[in-house]
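Structure incoming, see below.
Naming follows writing order (A, B, C and D), and every chain is counted from residue 1.
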């Protein structure tokens, strides 16, 4: 079976589903609350969303591996396929496309379809100062989730948004960059 | 051809959106002999007399008492024509979340069905506004997109 | 802030000043009033000729169908992970469990306000009615409201035997509690506070001023069973006795 | 045939769960110790042995994963590691053969009760006195449903 077929199959038969609207509204409610709590300091909002995502990623990976039975990937290309066809499919029911590979095969872009379960209903408020559209990455939590989940499988990555249609860009693009493969930690006093 | 004033009023009797406009219908017929010095009227632009214009927000506001009386006696969203005041008629609509739409207009008896359709579609626009996490109940609706859509509805129905 | 506690409505995130004028000719500015968006010769001609104009490069919610779109589904775990993280984060911001529950209630509140209007809108023009009596709105909450949000009706709707303004909605299998095992340092936290907030937001919006709290009352076979206790404001009872 | 103990180590080499069973005729609740010897010398030694054997087996036979090893005539150590580097170890009598399925099952309990339960930590940064560290939670799994369910499962096995 192709990865896509595996993802579709798990989604169909092995996932407890709910209407995405409660998720959309809940996430929206959190982002709006963070904007208030941080007094519209959107850099801090991004950071906080990233942190929350990281914490989620650390756990979500366990459920992911248990559901899919995926073992360690041999290449980063394979990893990115697994993220899109299995990860995004199983948790958000979308399959981003992967493109824009760097020559060294260590970084690529994930293009998220629109609307997606995070951004449905969302429009950034337009006021005289368009700070929000320049600074806020509304879906930043996804970066944290990927970073956390990948770290648990010993892949140290940078994950960040480079484009977002909410800001008026032509598409929503997330950049994934592999820094290094982490080694097993060694117990203290052992070498 | 009549002029209209639409006010959307929040739960604390605060206006969250206002629009003055005139019927877009029959604009060509109305090309009354205007003197060369006065430009032809802009289709859709409200032509309330200045003294009426000033009063409109107050008329809308004073109708709130009547609307509140109806609020828990009628289960309809569209309350129809609820009052007239110095030749200004007032129609009203209440959303399930108690946001009020008030439409004040001069002139004769209007097609109630058109106003109802107008209100119903504005309600849908309002709900879309509300779904945006960055909008909170009772905030003013400043989205240009919303304004455009309301005006398109005005053109379509009134 | 004190107002927030009584009525947990949010402060506005976007404000315009009297100096903000629209470049496109569209958009209402409350600081200026109806002059801000009055019809000009340009906007008039756009409207009359049904010209399409682009006001923003971002996709517009107003172009979407929200009334009869096919429901999109996602994994319950995703919501669960998100919700737990919300609780963790809120916990760090709170002075004690009660404060944490208040904050969860507040987050739910704004969702309830939205859902009320959305679900009523979806009933369609003919069926979309405002509920006038407590019992009618409660049937709505327990029924189609619950089903739209959680995929099923709530299990029971009860009126208190002793207190005239108290009602209860009972859910045997709360969706969000499923994966949450409350650790010891969260004491008697009930995460149902979030759902209680959703109910409260919807009822308040509909004009039924109420205070909603969540209580876990396990039963055989239903260890997570939750009772949502609704205490209506006296004004609602007085209103019912008049009309 | 006997099950003596059950350990979980995390990616930071910490023993985040330690369960020691006291064999009595009345199998049931709370026999033995829970999380009493996480920092003990033998815990650390066990991790060290596993770590070394894992490296050795990877060097000797690639594509082969360490599954179990015996010590003398009394103990067999059964080992399984998740992709996320959680190491599950069950210590049994030396006559118990294959425990891989049991270990995978134990990991499933971990996923359901610990990882999916967002209010209990999954990052178990070590603190010597067992105190809660900022943002990292407790150093050991002290989640009742995990303890109960894994106990129940292990005690239901014929080899217990």
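We take it that a residue touches a chain if its C-beta (ideal position, glycine included) is under 8 Å from a C-beta of that chain, and two chains touch if they have at least 3 such contacts.
Since the model is a prediction, treat every value here as computed from it, not as a measurement.
**Q** Using the stated contact rule, I'd like to know whether A-D or C-D comes out ahead in C-beta pair count.
**A** The comparison resolves to A-D.
**Q** Give me the ID of the chain with the smallest distance between its Cα centroid and the all-protein Cα centroid.
**A** C
**Q** For chain A, which other chain has the most distant CA centre?
**A** Relative to chain A, the chain whose C-alpha centre sits farthest away is B.
**Q** Between chain A and chain D, what is the gap in Å from one C-alpha centre to the other?
**A** Distance between chain centres, rounded to whole Å: 31 Å.
**Q** CA centre of chain B versus CA centre of chain D: separation in Å?
**A** Here the centre of chain D sits 69 Å away from the centre of chain B.
**Q** Between chain C and chain D, what is the separation of their C-alpha centroids in Å?
**A** For chain C versus chain D, the centre distance works out to 44 Å.
**Q** When the C-alpha atoms of chain A and chain C are each averaged to a single point, how far apart are the two points in Å?
**A** 27
**Q** If I count partner chains per residue in chain C, which residues reach a count of at least 2?
**A** Each of 10-11, 13-14, 16, 56, 60-61, 64, 66, 77, 81, 83, 85, 88, 110, 114 in chain C touches at least two other chains.
**Q** Of all residues in chain A, which are in touch with two or more distinct other chains?
**A** 25, 27, 29, 32, 35, 56, 59, 63, 121-127
**Q** Residues of chain B that touch two or more other chains: which are they?
**A** Only 128, 131-134, 136, 142-145 qualify.
**Q** Chain adjacency by touch: line, ring, star, complete or other shape?
**A** other
**Q** Using the touch rule from the top, collect the residues of chain C that touch chain B in their complex.
**A** Touch list, chain C to chain B: 9-14, 16, 22, 24, 26-30, 33-34, 37-41, 43-44, 47-48, 53, 55-56, 60-62, 64, 66-67, 110, 113-114, 116-118, 120-121, 125, 128-132, 205-207, 239, 243.
**Q** Per the contact definition, I'd like the list of chain A residues that touch chain D in the complex.
**A** 56, 58-59, 61-63, 65-66, 70-72, 152-154, 184-188, 190
**Q** Which chain B residues qualify as touching chain A in the complex?
**A** 128, 131-136, 142-145
**Q** Residue numbers of chain C touching chain A in their complex, please.
**A** Result: residues 10-11, 13-17, 19-20, 56-61, 64, 66, 71-79, 81-83, 85-86, 88-89, 93, 106-108, 110-111, 114-115, 148-151, 175 of chain C touch chain A.
**Q** Can you name the residues of chain D that touch chain C in the complex?
**A** Counting only chain D, the residues touching chain C are 113, 116-120, 132, 142-145.
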